[in-house]
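Next up: the structures, one after another.
The same chain A turns up in both complexes below, where it pairs with chain B and then with chain C.
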Partner chain A sequence: MSGLTRMLRLIAILSGVAVLVTPAGAQDRPRSGGELIFAVPSEMPSYDGHREGTFGMVHPLAPHYNTLLRVDPNDRTGTKIVSDLAESWTVSADGRVYILKLRRGVKFHDGSEMTSRDVKASYDKIVFPPPGVGSIRKGQYTNVEAIEAPDASTIVFRLKWPQASFLASLASPYNWIYKAEILAKDVRWYEKNIMGTGPFLFVEHVKGSHWVGKKNPNYWDKGKPYLDGYRAIFMKDSAAQVAAVRAERAHIQFRGFSPAERDSLVSALGRKITVQESAWDCAAWVAMNQERKPFDDKRVRRALTLALDRHQASQALSRIAVVKEVAGVQVPGTPYATPPDELEKLAGYGRDIKKSRAEARRLLREAGVPDGFSFTFTNRGLPMPYEPVGVWLIDQWRQIGLNATMATIEASQHVTELRAGNFTVSSDAQCGYQVEPDLDLAKFQSKEISHNNYGRYTDKVLDELYQKQSRALDPEERKRYVREFERRLLDEQAHTVITLQWHRIVPHSAKVRGWTITPSHYLNQQLDTVWLSE
Partner chain B sequence: MAIRRATVAEIPDVAERRSWFAVAGDFCRQRPLGAIGAVVVAVNILVGLSANVIAPYDPLATDYGAMLARPSAGHWLGTDAFGRDVLSRILYGSRTAMLVGFACAFFGATAGTVIGVTSAYFAGKVDLLIQRVMDIFLAFPLIILALAVVSILGPGIGNVIIAITIPMIPRAALVARSSALAIREMPYVDAARAAGFRHRRIILRHMLPNVMAPYLIMLTAYLGQAILLEASLSFLGLGVSEPTPAWGLMLRGAAVQFAEAAPWMAIFPGLAISLAVFAFNLFGDSLRDALDPRLKTQ
Partner chain C sequence: MAKYIVKRLLLMIPTLLGVAVLIFFLMRVVPGDIVELRFAGESAFAQKENLDKERARLGLDRPLWEQFLTWMLGIVRLDFGTSMWTGAPIMEEIKLRAALSFQLAVMATIIAVVLAIPLGVVAALKQDTWVDYAVRIFSIAGLATPSFWLGIVFILLLLIVFKWLPPMVYTPFWVNPWQNMLQLIWPALAVGYRYSAVATRMTRSAMLEVLREDYIRTARAKGLWLKLILSRHALKNAMLPVLTVIALEFAFLMGGLVVTEQVFNLNGLGMLFVESVARRDYTLTQALVMLVAFVFIFVNFTVDLMYAWLDPRIRFR
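For the complex of A and B:
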């Protein structure tokens, strides 16, 4: 090969590399402009984040606000805490005093400056709400002794005892910072109005139709947001949401679609669609009413969990329903989740299903029901994922001689029946807004402590373990307690049955960049990092 | 002039008694479409009764290795999202359809007929009161009333039967009343009253047997309607619950989600519903024609 040929080949290769690299580099650089359009499957009862719980409020409203801390918008586990309005923080050695330094120069949308007075007023409303003012998460802050604002840029939280999850609770996606002056005049003003420091200004809300926000030109994080604005369209029907994304009338629906809907969008739009998937911080559980026989017997409860072939279901059900991961009490892949090989040691999590079911039958014999028994499985009247999971459960229990019939009850009535204990075995679920053991495990404490303990049991050991993990500031020590809690809950006492973790699937227009899926559909909705590639 | 008295044996039968077989033969000749409907209805009933014998698979048995399998020699009508055999579920589903259909049609038509005849017999304020109550029920479309009842009672096969039966009662009462009003004026009813018979005896023994023709027509017409309503309620998630095999239930959930990828999940149960309802309607229409004296004379 001549030198000239070699030279030409080298130039060609380098040119090729340059061609490949340059557009990619340009693509990864955020582009300003454009309006993000997204579908929202539900609508908010009020505009006040401190009193509402629905994602139907978070998705359209979060871009108007900031929180003290936030979950890193690029962290797929949704557990890495980064600064938002607080630029730094220190924790005292005994873990009871949190001192946060606020950013300077942050302005509300009316031009007034945000100070620690606003933060204190907002947290006072959340933690110590005045009579008649709703704050549905105040129970998470029972440990807060005092909130102080020693100067304009410092806020101090004093706790009664150390709490490992406290930083995470300051990053709650609901804890928007409101203006103190407004709260002083009318503490309920925010139920019907918007005034935040967030990356987008409020434009309009047409009930049942849409919500519009436009770029905040004076946003404290210079250069952001990238979008000129956004438009949230309220659409309850999932077929309509799919049709909107397919017809490119909406870029995204942040909560998620089913596997079939994902497949239909991918086949229709091909390269125009990007799919992000993640384990979802929602789990499909089975509550067994321990006030009813034979579910007061832990051998029977263990038999119910041993009958389930979770690993096969993970492959099969994930094709038709929004469930996938085999999980314990924490979302797989997150810091406190039990690794798969350790999880397989728990009852019903092993890979040898024949052995598990033989053990289940043995336990039923021991419990005095060798021929099995019949019971009603009360299921929530929502098709996804309750119906497919219910069908699967009934089939699995049949394999050990249990004859369950499914009674489907309308969703709100289902909760009423669960609370009243009017069921024998029922589907149960909880979606967390952050992956955090304090939030995820609280439900399983004794019925005297946890009002949504639908198993209706008392277990002081479990309560003690909950407190221990909550107060353990060393992550490794906390992990040990979480594992112990999990083993007792799912194996030794089998108080509840965890079927599969929900699986979040967000297919969206390939034009949408800068948004990362997390296990929670409440997180990462400020939209300050989101941009449109064209 | 001597009068010769005829003996009872010499009086000829006004209506010659004919065998059921001959009646059925005439029905088939005169109304072939109705006969086809009757055959399909009979097949449906037989399938429902013998589903456990003729179904190739257990309708509840899942096979996750054969999820959404297209129709093949192993599964003639394919499988659903849980790998359950669609044919077996349709065969067992006819059991649910027939149970709901017959129960609702029987109880709806019977209760309606008794109320309608009673209302016509007593007339006056009783009739007025009963008819206004019936009017209230008739103001609601059938499906809306059934939806309201099932949303109060909750889903489940028993509640579905009640929910479908209740809106059928006033419709049957209306038809039975109109027939009974004419019968009420017949001399034999007057004679029974004059003889001092009790109201219950007059209604049950003298009036009800004479509204049998409209009763039978309503029965067949309501069967199709009940099957369709059960399928509608199940499709809306208010009827029978999974995993019970039921045609309407087979049309919802994954059948909607996978309508493009696995259309057999919806097509075959849909066909089963259409065929059953069509057959009952054909049979019902022909029965009405056969039993209606005005159409007979034409």
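For the complex of A and C:
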């Protein structure tokens, strides 16, 4: 990278950071008008948010809808819950009854009034879907006993047991409020149609090409949205996305670019580009199949994690791949994340790599494999970040005498192989749609509970800790359980290996204002606060 | 001739049936499952019960022979069913992309023919002169250059030199011809160049062969004009292999431009094909394979008919 490139990149990052740290009041006044054009690297199979799980649906469709609660669009941690259709809420002392008061005067795009009947019908579809109707996140709501709508502006959720994450569950970016009357006539109507209360009206969808929305003039939040409309262009190829932003044919691609792509945009566009970066709620993990020897031995698993020099990798890999932060089970900088000094006490997280690797070799000797052994590391066939992380892992394991061979398999086949247990050691990942321990840790429960526990282990202690943290309503108490869970998962049992946290990089046209990056690329996509400066 | 056409049309049936059997069972052999991909993937909350429900809805829980029979019965009625991924009718999914792919194939073919035939003829007439060498260098370079790479070069040049990029969204020709051309001319040039290289070399060698024939020598001896010899006697006969190459390339373009479509962000059949395979969308992949097979068979059939038109010896046989 040339000196000029470096300087431009620095200027752009600093200007981006400057925008982020400037208090909202001090920013320019939002300007109305204009069409936001953004690239979307994926496309939705259907239009039903309760049914699908891809960000390719959230980015173009979220602006048509509201959720009961939402994540504060200005909160960079993506964890602060604020109101959306529910303007206030109360929680009973035992944490089992949530009463939410809805806004009045909210209208669907067809002009009909939104009431608690619509909210109940939407949540009934998510939590208690009728036969034949898929609800992908139903498992997140097994705790819900009943949903009631005592009057037009009140909705009540009764839980079987207290759940710390329940408010966050109501702010899920997928839980769009649909119209009860439509659902009553055809519960699958929303798979092919749009009818929400959101800031933008649906205009057009050309499959494989683009999605268009226009301003909802009757939006309940007066003065919003600022944009006249938006156009989402589906673009699978990252080079085409970069070219589109560079040629100013697109303002932004919300998911993120690689460091090299960021640098090329910054060097080409200079001050015309703003870069927002954040730790990403996705992590590059390593799954070790405990049904295969010698990975049933925790000493071997610990050796694998002790071999990794995460702090050095954080500096080196972050230049070429979308990974950066040294992290535990929660996104660094978020409320339940373990502070760095405490994290360093976990196996493989210390700064003295020689000591860690000596310990790793000792453990391998104890486990009866003093000369190391060979195994196949199955990697997902996607370049970013799997390929560079895979190469790095193999090098790190070689330092303690382990000979890993990388077998890269097609991305779609990779999921099937993992679920079937057809691997010894494999790359593994999960991207969260919210930063929330209940969501982020669920995967690591015993295989009998979690269908994507690819380590294929049973650990009742871990299951119990998961339940404890989930039910702890006091944040400090919950933090303690999350830490215990983390220690057992990553250190004592070393069930899994976390390499580095993904790092989200969104370089976008400097004209785009009012959008704040969060750790999850599923969040903050309603676009009601977004405006264009020119 | 009519008997020949009927016979060829009837022969299409077993060929298409063979393709159908092959693609149906090959798709089932490929590891991966659309339901897991779509609803499980990275989610810790995917419940087996939900996945089973989806498999049942898509008919994937039924015996293979039953799935195959249902599909074949649909094909007979020209009903390819719905995409397992989007739930939309397959014909709708294909129709949406076919216009772009067809137009691109036609444009690339026009570019290729306009370049290849004159260049091939000139190279043959001026064999072993600097003209011939120049044409050969031009065509060998075309063969050695992947069209997607040339596409990337076009994009970079447009971006760096003119700070401009072709439109990212397809506009049909009848809606806005200028916008349409602005978008498609670049991929057509990139694809057409490689395509023309193949056809140029074929035209040159076919012309060289024909020009050495006795009847050409006789025509020259009779004192016929060179132009007349070329247009009436040589070119028509030399066109037989060239036509085959052009037709097969055209058929390939109707679904094989995956990377070029990706580079130019074109919503064509090639990308749809790759995505349907990656998503294990059995019904859509099967329909696309059938479509491509049909295009190949139909193009071959048309070429055979054109042979008869170009060469009376074939017609009378």
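The rule is simple: the second predicted complex is superposed on the first by the 507 of 534 C-alpha atoms of A that agree within 3 Å, B and C clash if a C-alpha of one lies under 4 Å from a C-alpha of the other, contacts with A are read in each partner's own complex, and residues count from 1 in each chain.
One rule holds in what follows: contacts are C-beta pairs under 8 Å (C-beta built on N, C-alpha and C of every residue); 3 or more make two chains touch, one makes a residue touch a chain.
What you are looking at is a predicted structure, and each value in this text was computed from that prediction instead of being measured.
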| item | value |
| --- | --- |
| Which superposed partner A:Asp263 touches (first chain B, second chain C, both, neither) | first |
| First (chain B), second (chain C), both or neither touched by A:Gln140 | second |
| Touching partner for A:Ala442 - first (chain B), second (chain C), both, neither | second |
| Partner chain in contact with A:Val391 - chain B first, chain C second, else both or neither | first |
| Contacts of A:Gly132 with chain B and chain C, given as first, second, both or neither | second |
| Residue contacts with chain A in the superposition, chain B compared against chain C | C |
| A:Thr416 touches, of chain B and chain C: first, second, both or neither? | second |
| Which of chain B and chain C A:Leu473 touches, first, second, both or neither | neither |
| Set of chain A residues, in rising order, touched by both chain B and chain C | 410, 413 |
| Interfacial residue positions of chain A with respect to chain B in the complex | 258, 260-261, 263-264, 312-313, 315-316, 319-320, 379, 381, 383, 387-388, 390-392, 394-395, 398, 405-410, 413 |
| Contact footprint of chain C on chain A as seen in their complex | 45-46, 52-53, 131-132, 134-140, 191-192, 206-210, 233-237, 239-240, 243-244, 246-247, 249-250, 410-413, 415-417, 419, 429-431, 439, 442-443, 445, 450-452 |
| Chain A contact footprint on chain B (complex, rising order) | 60-62, 64, 67-68, 81-83, 151, 154-156, 237, 241-243, 252-254, 257-258, 260-261 |
| Parts of chain C lying in touch with chain A, wherever the complex brings them together | 30-33, 36-48, 50, 53-54, 57, 85-88, 93, 96-97, 152, 155, 159, 163-165, 167-170, 262-265, 267, 271-272, 275, 278-280 |
